[in-house]
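Take a look at the structure set out below.
Chain nomenclature is as follows: A, B, C and D, assigned in order of appearance, with residue numbering initiated at 1 for each chain independently.
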């Protein structure tokens, strides 16, 4: 098992004819993901990497039995694309697009909640269940199947961690990049609950960063978890008031500091690593041998 | 038993200090309804018929343990009042107010659905479970407890039917006036399902009228019901294109005719009465002796 | 409120939806002048708040101003499905390349606005939906989200709108939706929406109906009230009464739309015909009853009156008071049947029994059916 | 984008929110002239995109124009929490009867806008919320429904706004919400919102921050970019780079905010300090890498550069190409440490190995930690 995606996952790529959409469609296909359809309005009938392109999501769903969508469309049109996927009955929507206006995301996340659709992102690298399915822009080659669940607000930092784990022979059940925006569809706590329920996941790495209070909220939940969790927080040396790349990575007033998050995690019995190597050390110690 | 309201019903009157609100608060109290709170913004602290008045619904709910609300506020403010009740967690909202703009009702009914709140009305007389609770403007004195469930798009016509039934010694489990507007929160089919599940209800009277297709939809459901249903349709002689009082009572094109409704009901095995007396006759025949 | 074609088009034009540059004429001479201004070739169209005018002969294509005058004279003398033609719209004849249908209305069953687009314009859309369903795309809108760009595209693709027209059509649909929302419309329809020689999409016809409950937001709206075509209906509207003029001879006053509709049905079952529908509504005061009765008494077709009230929110004593004040103030020549039941019915009946009725013939009835029968009998004289 | 007080107030005024009739001065002389115009008594306020200016001495109440000039001179020479004061706002002194707080912001945890009203205005709202929670009302808004009238009332009642002020306060709150929506704001704040002698509610201060992601909808917005205070940050903004100037000596280029933040953390762990944050982002092309490197090279504080890239959507060969083009075109005097991993890392490393580096000192590193350590060492020289 794994969470959210597996070999039954049938993926639609929204914005498939764009540069990034086409590139990652190829990457996902190479990885073995069942990319079964694409959508670009006005380009229905074309093919990208052999994948049929439709004008609308509804048509793609009807014709190809899609159950998951990944969104690469430009920021101005991305909220509309996500809602189109929700309305077409897709249960998991992964939004890679960055720079979506926050007022639109407030509406989209509220709508996804009301309709019971799981949205991952926006501004996220997507997710991967190694050996089964890649729905995202993560570099598949560094992953290997195994017992560690990973959930992270960042992309590349996560690859570092995964690379270290894989190099040491520690594989991953599923790795979920939840995204670096302040308003996101799936948060730490949501993914932790899934990992807790997943029989294949034996330990979890949670990679947080400054900004917001999702790590603190997650810490509260971790107290009730049976599986070990190892934490990491980036941005310890970031100055307050400055947005560090991610729209969500900003310390404003007293909220969002690395100290607050590390303290909350420590309070929940979660060891917080100082370096990437240390994350791997802590996980190694906690995995059943 | 009964449906929707009973002796556990604790009622909030929204717009309690208005003329109709105050009058019907008194009527409901006289009937024995537990009217425990009222709301009129700016009049918090007053009392109407001994009932404490609050500025906001949330305050009334917190202080008085309300579970049902009845709305008498003027049409321009009624949609807001209904949403206030929904947001305060009230599970049943009965909206008496007429003339609420249709675009606002489209939003309110969608919101009530999303939040799982049952809205009855607008432009309805409310409901009564005889001997238990009256949440509406129906004349309590004509009802008596018994086995017949009544659901109707009209008010006074329903009183006629009830009067005839009660005079003959046939009581009612619950009588629900769903309202005469084209967009209403609770429709025939919703109430029929509740009656079908209610052990106390042994037969149902459904009083429809021209306009829309709710009777046809209900007829489809009735085919699967185990309890006998007797129908009535008013407006058989109404000319097309003219709105007969109720905003919803209008034949437009081919939809909404009395013929279509009578035919659908007949097709579901529902006898459709020609007169009010006949409704009572048909019910009498169908009640177990 | 319904809007005549030219009234709807004025609103469309203000919203940036292209419409032909036509003008309204109230006389054949005016129609001639407009046609001359347009260069002779034109279309003359009856302005009535009902469909089917084409089949009824209410639309004429004319080759010159003289013909425009002649056709306008003919059309202005018509009555189309009960509506006399007071105005004609004179527009330049369009160079039509293709015709589409575009409409947004409220779907009662789904409780949502529905966008309808079809590549088979200029025809009855319900008929097209039956015979060529693949040419009609319906997309239901979430009332909380409004019209979304993807829905507009989906409607266009499903309606087989040609690829090169999807963008301009989408822009147009968004404008139509804005009109729908801003005007509190329950129907906005463009049929046909024509692709003309210049490549532009133009609203050749326009239909709009708005929600009367929202009229307070649109104090300046200019449409026609189709419920107030008859002078008595206009009077009723001024008085705030829910009244519909009918063809019969028994005047009806009742409370509650269902009860009044059933009263009409019962009058017919008793062999008579109702002269009107009049619902004095919930919680009616004596004043409302008085206004309603005066209105019915002013209808020369009325031979008897049936007052049928079952008190719920309405109190029967108020109804009796209203009736008595009318009897005292006005000359009442037709017999009246009164049936009061429910809230304060006893008090109402007592008021009537104790009153000095002058020479007015006032009968009471116990049951619904008895009341209807008596009223029909009295109308026969 | 953050808005200075006077910029926010201009937007408030345009939305119908009463504000004092003040003007902005860039010099003491201008401040004097404005104070004269206002009749002498005035308030002189530093215009900086950060709170706490009052405590820092950035606000002065003056009795006459001469004093205004003097205080303006003092304030215009200040730097408040890192922000030099370029402008002061000169406003008439208000006759304050009562002070309220009014704000709408985005609650990240609840993923909804939140309306905050308090009858304890003029103070730090977070402090009031802690010490007198009963005086602070928070109402969360449904993103799909917006601000509802009942929520406005509820906020007023809960914040103990006096009964006679509930109506005008409600009207004002609706205007503030309209600003919040129309400007794509993430924060709109009026503190204090004052009840003045005339009985009017006036926005004595104003704060606004908008969403940069929505800037395409507001091409004419006039605010300050608080992320672009440093000249290098301004340059970065023009180049479309995600860059923050920091105090140290190791220039940083990385891809992904989390990775770059961690790189900064690692630099500190290795005993150094980063000169900047620079995220070249996902899918960066050679061009972006080139721009980023040029920017860092133009920073005289930079003593070494660490390029730390783990390829996901970014391809390491593109990073290498960008680096090489910089080396070819520019004079590179500081040593560079490069660490490439992930997508096309091998191709990238090969490109670097095969290239003619001129005299540039280029070191490669295998691991994250090794790279940080080397860069810190090289910065020490």
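The working rule: a residue touches a chain if its C-beta (ideal position, glycine included) is under 8 Å from a C-beta of that chain, and two chains touch if they have at least 3 such contacts.
Quantities reported herein were computed from a predicted structural model and do not represent experimental measurements.
Centroid analysis (C-alpha atoms only) places D farthest from chain B. The interface formed by B-C recurs in A-D: of the pairs listed in A-C, A-D or B-D, only this one shares over half of its residue-numbered contact pairs with it. For the interfaces B-D and A-D, the C-beta contact count is higher for A-D.
Distance between chain A and chain C, defined via averaged C-alpha coordinates, is recorded as 55 Å.
Spacing of chain A relative to chain D, judged by their CA centroids, is 27 angstrom. Listed for chain B are residues 107, 111, 114, each touching two or more other chains. Chain contacts: chain D has residues 142, 144-145 touching two or more partner chains. Under the stated contact rule, the graph of chain-to-chain touches falls outside the line, ring, star and complete shapes. Working note: touching chain pairs come out as A-C, A-D, B-C, B-D, C-D. Residues 144-145 of chain D touch chain C in their complex. Contact residues of chain D toward chain A in the complex are 50, 106, 108-109, 111-113, 126, 142-144, 181, 184, 186, 211-214, 216-217, 226-227, 242, 244, 246, 254-262, 264-269, 274, 277, 279, 281-283, 309-314, 341-343, 368-369. Within the complex formed with chain D, the residues of chain B that make contact are 41-42, 44, 55-59, 77, 80-81, 83-84, 87, 107, 111.
Residue ranges of chain C in contact with chain A, taken from their complex: 142, 145, 148-150, 153-154, 157-158, 163, 166. The touching residues of chain A, counted against chain D in their complex, run 20, 24, 75-76, 98-104, 106-107, 109-111, 114, 125, 137-139, 142, 152-160, 163, 180, 182-183, 207, 209-210, 212-214, 217, 234-239, 241-249, 253-254, 274-277.
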